[in-house]
Amino acid sequence: GLVAATFTPFTAEGKLDQEPIGTMVDTLIASGMAGLYVNGSTGEGVSLTGRERRQMAEAFVEAVAGRIPVIVQVGHNSVQESRELAEHAQEIGANAISATPPTYFKPASIELLLDSLREIMQGAQGLPFYYYHIPRITGVDFDLHALLSQAAKDLPELNGVKYTAQSIHEFQACRAHFADKFDLLYGCDEMLLSGLGAGANGAVGSTYNFAPGLYRRMIEAFRQGENEAARELQLLSVEMVQAFVRYPALPAQKAIMEMVGMPIGPPRLPWRDLTTQEKQTLEGDLKKLGFFEWRE
Amino acid sequence: GLVAATFTPFTAEGKLDQEPIGTMVDTLIASGMAGLYVNGSTGEGVSLTGRERRQMAEAFVEAVAGRIPVIVQVGHNSVQESRELAEHAQEIGANAISATPPTYFKPASIELLLDSLREIMQGAQGLPFYYYHIPRITGVDFDLHALLSQAAKDLPELNGVKYTAQSIHEFQACRAHFADKFDLLYGCDEMLLSGLGAGANGAVGSTYNFAPGLYRRMIEAFRQGENEAARELQLLSVEMVQAFVRYPALPAQKAIMEMVGMPIGPPRLPWRDLTTQEKQTLEGDLKKLGFFEWRE
Amino acid sequence: GLVAATFTPFTAEGKLDQEPIGTMVDTLIASGMAGLYVNGSTGEGVSLTGRERRQMAEAFVEAVAGRIPVIVQVGHNSVQESRELAEHAQEIGANAISATPPTYFKPASIELLLDSLREIMQGAQGLPFYYYHIPRITGVDFDLHALLSQAAKDLPELNGVKYTAQSIHEFQACRAHFADKFDLLYGCDEMLLSGLGAGANGAVGSTYNFAPGLYRRMIEAFRQGENEAARELQLLSVEMVQAFVRYPALPAQKAIMEMVGMPIGPPRLPWRDLTTQEKQTLEGDLKKLGFFEWRE
Amino acid sequence: GLVAATFTPFTAEGKLDQEPIGTMVDTLIASGMAGLYVNGSTGEGVSLTGRERRQMAEAFVEAVAGRIPVIVQVGHNSVQESRELAEHAQEIGANAISATPPTYFKPASIELLLDSLREIMQGAQGLPFYYYHIPRITGVDFDLHALLSQAAKDLPELNGVKYTAQSIHEFQACRAHFADKFDLLYGCDEMLLSGLGAGANGAVGSTYNFAPGLYRRMIEAFRQGENEAARELQLLSVEMVQAFVRYPALPAQKAIMEMVGMPIGPPRLPWRDLTTQEKQTLEGDLKKLGFFEWRE
């Protein structure tokens, strides 16, 4: 199923704003999300202080109230801080943990990466753990098939991977060869159809927040073998993404959230908010694509 | 259809060896190839001298004798040399031209890239020209959608693009928006199913030389909406590629050509040939995959 | 003068170990250090939790007790956390602040970088602030001359830069053109002589912890115009660095600290400690260089 | 001594223009150049056809007529073509050969790089050969100290290296440890003082074409131990480079050649010529620096 990588709402002054979370969560659940991924890249998790990350995790777990699983992302340059965040997530009732590797200092080998993940997992033993593979941001880009082969031996308690990369062949081999051991969630919304073709049965992304219907219909078409219809639906997703990546991608998506009735404020530094003019142009471009008709 | 990026045969001493070309070409045509792509990355075109590139182009055009189209790759660090190679290709009866951009000095803008392509195309006016987009090797990585938008205005005589990259969403947008203007050939064999899902109707690759049947069946399954069957066939391709990329990829594929009865000798520097031991291990690994049964 | 980027001592179990700090600090002051740079890359600042970073800062400020200035590095992916760390550093009596930019999300422009630094500086108004430029690690690599030109207008309260890069010409231009506005500290120990030649009058580094005498003599030779002598001394530094970068560089330097009588324990993940064998080999290699004779 | 990396003159239509070469060469020799480096990056060697490269090499060898050594750069993606260019250079009386490694396909190991160089050298046995290390352009970035260690055993007939990189510590170690085996020429004009400090006794560069006097005086100051004077002279070089790298660097330098009375026409694609407006602004900026007074 689809898992929404949630945004973090801020006030105009850049403080955490818990107020919109209830509505966001209810809307996401109503739209059929199979889970939420909190404090990830979309959620600007790394831009929060340790205290704020804990507050956000709590707010989402509380708002969801057990209706769907909540995965809390705890990646941090400090493995020890990640571990403490994992511990906190378990205490407040999160359903799973996920983490990027440390990135300021990068693990020099698969072994050191697995050592780092093992350390983090010890903060929340018993909770499923997903390695967050997003090499374009982290610069940590081990061959994932080799990584899973080694994890099968050395870190079998690893539950899976959030795979945010374009190497579909790598994703496919991992899916096919480790289906019984590890759960792989595909992470590129604008290439979800490729992910499905390679065997994905779950996906995490940011645009599922505001265009869930599009993707539901695309998955259905794919399952029916209606490949042309699926392609046309994926094209809408591609065009939607093209429209907003003319701007800084995260702030643009926060602006879209406001356009669809879920205002969540500006991003934090080092992002900048879109200008009013930019927001109007973006809204116009999305209208031309029919976004507001087909998104739900 | 499928276009094979042909290998260049060398003698054990590293001289051009035209002898195997006739058999190679007949085999490829018999296997249903829709065209040949000569002197590309697979063909070690850049490792040949100017004289040798011309000899190779002639040998293939002659061996094909008009049965299927031959695209000659003329990319070179010297735009002027590319132009002269294009001119030669036209003279000997090639059906189309393709070129990487100069890479030692890289075009600083889309405009300068298009200027470079225009210059090359003037060597073979009237022949279809394909820009060869392979950013992992060239380091020239302009947004291809922006490039085609500008080419539609400034270089409409461009015929298409050989797209060798993993950004399926970009490929899909280019296919959808420029279908009437530009022909896009997908270039990652191990992700062909993703390419098909995004609308590819042609592909160029190296493994089509020795595993054409696999891909024909995959394309057929995809067209029938049999997505699970298509995925299983793509998986075989992925596993085949996994088997040989444990070694330097180009020499390993030349070794496979020998295994399937088309010996073409070693690669040129800066590649090294596989050792006898490596070739035996590779052959064993391919056997385990059933490669020799399903490849044709 | 020379500023030592201090190491962070850990117990064998990876807990903070404050015990060695007093001796370390006394030794460094006795060796003539002009200041200490705490919680930087050498200090594994990013590998500490927020609580631990504060403890380390306090421990060093307390141990120094005002004898020389202490610069506390507060860079963090969360600009807000950086700001809070800056605030804490000021409260405990640090003499200056320094910070890397956020790196998970990178500032997209010089303007957004300066906005981020301004936000951090507001946590410790009145304390000198040094931007920590280390593009090889952060991936944030704006032209520093352009950055300082803009800072001169938009962020004149910036005090200076810790410049850890090899572009000596850029460093020289910045030194020459902004001497009255910004203080530049050079950050590559193995190229300090180049830095001096370009006008550096201060430097921060890790090897100043265990080889201060070498660098003092080199600076003196340079000042006297004894360029051949200076080169020979720098060569010793280069050879010392060559000896330890055969291993992971940070753990190797922690091992050297033990060899010179200041044991500070292992590094934290994602680093690994050197093996006993590696430590013995390294010690042997350093002995051959005469390190233990000329280091002080 | 200083070796000028010569420019290649073109007509307005982009054809080779041999006419200015005599004057260029006489001027360079009169300015005290210790040698010429022909068809390098500055000379747009890779942008010439094979025929044109040979013509350029001949034209320079002829114009120099034995007064100073001429090094011909023969790097090419085709090792075989490099070898043939080396052979030609020897036939026409060049004094030395130099080559970049192949870059489209990059040598995967030091061994394969040395194999490639050996092959090229066999085209001109007996002529000194310089490996051209310029990783920023070639992407081939082996540790040069390790490379020379292996070359000392496996390719002792290597004569030296044109070292165009900023890792002064690496350059220093290579100079110090291989002084009796290999000749190292430093290749970053704007960091020449750092190179001298590290032991360089020779340098190759493009700005030596039009500002030889500046560098002669700087070298003299350095040799006298007048480090402040040397720094001030290097600063002029840095500011001169800052002035022209606001534009594409190669075309800007060709424009400067015209300003100093040696017009050599535009660059070839993929470069673009500076506009008339850009040339005027650049000339004005250079005047402000006093360039036309101190350059000779």
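First chain written, first letter: the chains are A, B, C and D, and each begins at residue 1.
The working rule: a contact is a pair of C-beta atoms (placed from the backbone, for glycine too) under 8 Å apart; a residue touches a chain by one contact, two chains touch by 3 or more.
Keep in mind that this is a model prediction, so the values were computed, not measured.
**Student:** Can you tell me which chain lies farthest from chain C, using the average of the Cα atoms as each chain's centre?
**Tutor:** B
**Student:** How many Å are there between the centre of chain A and the centre of chain D, using C-alpha atoms for each centre?
**Tutor:** 49
**Student:** What is the distance, in whole Å, between the centres of chain A and chain C, each centre taken as the mean of its C-alpha atoms?
**Tutor:** 35
**Student:** Of all residues in chain D, which are in touch with two or more distinct other chains?
**Tutor:** There are none in chain D.
**Student:** Draw the chains as dots and join the ones that touch; what shape do you get: line, ring, star, complete or other?
**Tutor:** Topology of the interface graph: a ring, with each chain touching two neighbours.
**Student:** So which chains actually touch one another? I want all the pairs, not just one.
**Tutor:** A-B, A-C, B-D, C-D
**Student:** So in the complex, which bits of chain A are touching chain B?
**Tutor:** So the residues of chain A in touch with chain B come to 145, 166-169, 172-173, 176, 188, 190-191, 193-194, 196-199, 222, 224-227, 230-231, 234-235, 238-239, 241-242.
**Student:** Considering the complex alone, what residue numbers of chain C touch chain A?
**Tutor:** 14, 41, 44, 46-50, 52, 76-81, 84, 100-108, 112-113, 115-116, 119, 137-139, 248, 250, 268-272
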